[in-house]
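Chain nomenclature is as follows: A, B, C and D, assigned in order of appearance, with residue numbering initiated at 1 for each chain independently.
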Amino acid sequence: MDKTVPDLAAAVAGIQDGMTVMIGGFGGSGAPIELIHALIDRFLATGHPRDLTVVNNNAGNGHVGLAALIEAGMVRKLICSFPRSADPVVFTELYQAGKIELELVPQGTLAERIRAGGAGIPAFYTPTSYGTDLAAGKPVAEFDGRPYVQERWLKADVALVKAHLGDRLGNLTYRMAARNFGPLMCMAAAHTVVQVSRIVEPGAIDPEAVVTPGIFVQAVVEVPNPAQEEDLNRARAVYPQVAQ
Amino acid sequence: MTVKLTPTQMAWRAAQDIADGAYVNLGIGFPEMVARFQPPGREAIFHTENGILGFGEAPAPGTEDWDLINAGKKAVTIKPGTAFFHHADSFAMVRGGHLDVAILGAYEVAENGDLANWSTGPRGVPAVGGAMDLVHGAKRVAVMTDHVTKDGKPKLLKRCTLPLTGVGCVTRVYSSLAVIDIEGGRFVLREKLPGLPFDELQSLTGAELHTPDPVADLIVPEL
Amino acid sequence: MTVKLTPTQMAWRAAQDIADGAYVNLGIGFPEMVARFQPPGREAIFHTENGILGFGEAPAPGTEDWDLINAGKKAVTIKPGTAFFHHADSFAMVRGGHLDVAILGAYEVAENGDLANWSTGPRGVPAVGGAMDLVHGAKRVAVMTDHVTKDGKPKLLKRCTLPLTGVGCVTRVYSSLAVIDIEGGRFVLREKLPGLPFDELQSLTGAELHTPDPVADLIVPEL
Amino acid sequence: MDKTVPDLAAAVAGIQDGMTVMIGGFGGSGAPIELIHALIDRFLATGHPRDLTVVNNNAGNGHVGLAALIEAGMVRKLICSFPRSADPVVFTELYQAGKIELELVPQGTLAERIRAGGAGIPAFYTPTSYGTDLAAGKPVAEFDGRPYVQERWLKADVALVKAHLGDRLGNLTYRMAARNFGPLMCMAAAHTVVQVSRIVEPGAIDPEAVVTPGIFVQAVVEVPNPAQEEDLNRARAVYPQVAQ
């Protein structure tokens, strides 16, 4: 069994128009910049994929990564908890012009909905958002005298995730807080593509320290020295072109 | 002529249907033997409910580590690429549809795919383990069982009489006499022991066996 | 006399109520400063939504690791005993009732404990983050806020006018003028700036301030 | 902050009559034998605690650990998935005599109910047990045309868990498949007591490899070279007395 793929273009080749794509990361930490840029490259060359529904905690920052994906016009709808950032101009302008749809989800509910998607739980109850606009239209039930909101699972066709080490079986580790949504999205997508800083031999990752077991991963591509969104934005980078 | 397959031979036959790279959960008892018969060139990855993916064979007697066991509480070993995880993650794999195949034992299987394998009724101590999770989680649920009970009564039935493990979940039965698919609420006979007359097999089966396609000989090695 | 507390001073005051060993989540922005003012001999453990428990102070400029940030996307450091985990585990801590204290910012707080801090209405881009999870998860939810808006209007109200973050969730407000508990659907004044007349404070507050107990002076250091 | 306690007796001192106690382990792996025996010692000395509801995957094996707890008459009700083992005679006899209550729960549902208890999710839906006797009386709902059973969270007053390394903040690692229910039970109990093979300094456990973060743990006691239930049973051990 070998889940490694030779390059980024091959890694994102299967993503089609209209798909739901989970993209890992919290702000810049864990953002799979290289996978996203490979997807933009494909769109610029072929006009596809488009009309994507993207699931991410945020809405991108500056003009690289997720912000660049949105700026390229590939995203129809965003499901996220916090579409603000230091420089969210790309999303904000499209949103205010009515050109992109937003489903706002409380962060813990977002995480739990994704886990539920991966764990085969079609719905669960949470006190989060009870009595607020974000619970509008959702079933409410009482348990032990307290009201809860019913939330549905969230699944995706594809997940794009950044990890640290990976082996050909798909076992993964992450780096510090870059872990965030990665392990959950790996579980919830039909096809999970992971960029890792280094591909190692099976067994090189301590079985006790595997964070994502390989069963949740379909493709692994090596990207040594991956870019940090924060560094790119401090350098005022723009994708597909990098400013002087 | 083989009168009926041994459990080892049933396990061999079931192993032939497991693809390279498949994620597989093998039920406690006879199904565990399936792991021994992977065809050359194929490497399935075995999952056990108690939190191991990609474990290896049994250790030599006397070298067991009792923190490293499978769901049947038998000692196993690790291999390069093994991962440990807790029970909720383990059943996220099961219930989230990530396993390709689960192979379970059975008290009864019905032509509608219902399975009974956890309770023999009000007497005795009931024990369900992970069976009810596996039957609604794995992409393919197969059963490995003697074709008849020790008293010679059919275990493949029109409807289960014992408490159910799952509804409409089984798609293939590896019995001691035949390989039978469950399709559209019917038993479809795919393979039977060579020399076993169809009528005899039908008489040992509690529901109609359908043969829309040619029936192959069920041939397994001496094991 | 201090005309009003600075955010730093409010953070100092809020920090005095955090017990040794408490698990604490600090909201993005001004509440983050609370971590700087733990009283000597006390060590709280700070949680951030994005998967760190027990993180340390900001690193020296230029030494940031952008994989090691807090929920406000600011660089932090690790300490002995730090743990990393994924977002579902992180919010299991929040929603499962494991945090002792959450301190959040506010647009509006009502005397019934309702909080509005995520949306200023239909214009603008709404962003909720982890606020709705924290207000129904932490054992104690406190708010740190200027007592009035930039226009001088009360932020402590009979009922919130902006979209709610949570219902009946706030139990204490650290404002720029006072410390106010929410008990039985009423604002109970606990401390106010020395020299600030009660009537003036009441006139800057959108609901009745109750004083069942003596009101202490709100005294904080120059910071 | 220091969650270490000096000895086993102190570790189990707070457990009272009628409490719900989660006990980690799958069969013998992860079974906190020493904590259980300390609890039995307290019962033999004081007559308390009794009428316990115990949550465990199994029902004990032989005459040590959980089986000994049951044999001592301390357990009113058992919530488990598989009350069979090589030698389950203690539970079986009491159960068939109607002297102990059994709530049988599918293993994945048991794990998820415990996690839900720890994660603040009062109820969730699963296809597991649909159409079976174990779904009797539980609400059923359809999602996307498929029927699911509603299951409730499971919480406990106390959890007794066996881990491998622990620090004074309560951060834990486990040993191989002894992890099983431990991390979940730590989350779901109001008071979690953990026996570890070794107490280490904070920072000695790699922050990436912490399995249970300290927030889920209230007490840590060191038990070097803990007994394995399997070894005890092969030696035909009986607690409180050990046979020749």
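Operating definition for what follows: a contact is a pair of C-beta atoms (placed from the backbone, for glycine too) under 8 Å apart; a residue touches a chain by one contact, two chains touch by 3 or more.
Please read these numbers as outputs of a predicted model, since none were measured by experiment.
The minimal number of chain-to-chain contact steps leading from chain B to chain D is 1. Among the pairs A-C and C-D, the greater number of C-beta contacts is found at A-C. Taking the mean of the C-alpha atoms as each chain's centre, chain C and chain D sit 37 Å apart.
One inter-chain figure worth recording: chain B and chain C are separated by 56 Å, centre to centre, where each centre is the mean of the chain's CA atoms. Centroid to centroid, with C-alpha atoms defining each point, chain A and chain C lie 29 Å apart. Multi-chain contact residues of chain D (touching two or more other chains): 112, 115, 119-121, 126-127, 174-176, 207-208, 211. Each of residues 78, 84-85, 88, 91, 94-95, 137 in chain B touches at least two other chains. Listed by label, the pairs of touching chains are A-B, A-C, A-D, B-D, C-D. Those residues of chain D whose C-beta lies close enough to touch chain B in the complex are 26-30, 57, 59, 81-86, 88, 91-92, 95-96, 102, 104-112, 114-115, 126-134, 174-184, 211, 228-231. Interface of chain A with chain B (complex): residues 1, 115, 117-121, 167, 169, 171, 187, 201-203, 207-208, 210, 213-216.
Across the interface of their complex, chain D is touched by residues 20-21, 23, 43, 45, 47, 53-54, 78-85, 88-89, 91-99, 137 of chain C. Contacts from chain B toward chain D in the complex involve residues 48-52, 64-69, 71, 73, 78, 84-88, 90-91, 94-95, 119, 125-133, 136-137, 163-167.
Taken together, the chain D residues at the contact with chain A in this complex read 112, 116, 119-127, 141, 143-144, 146, 148, 152, 173-176, 206-209, 211.
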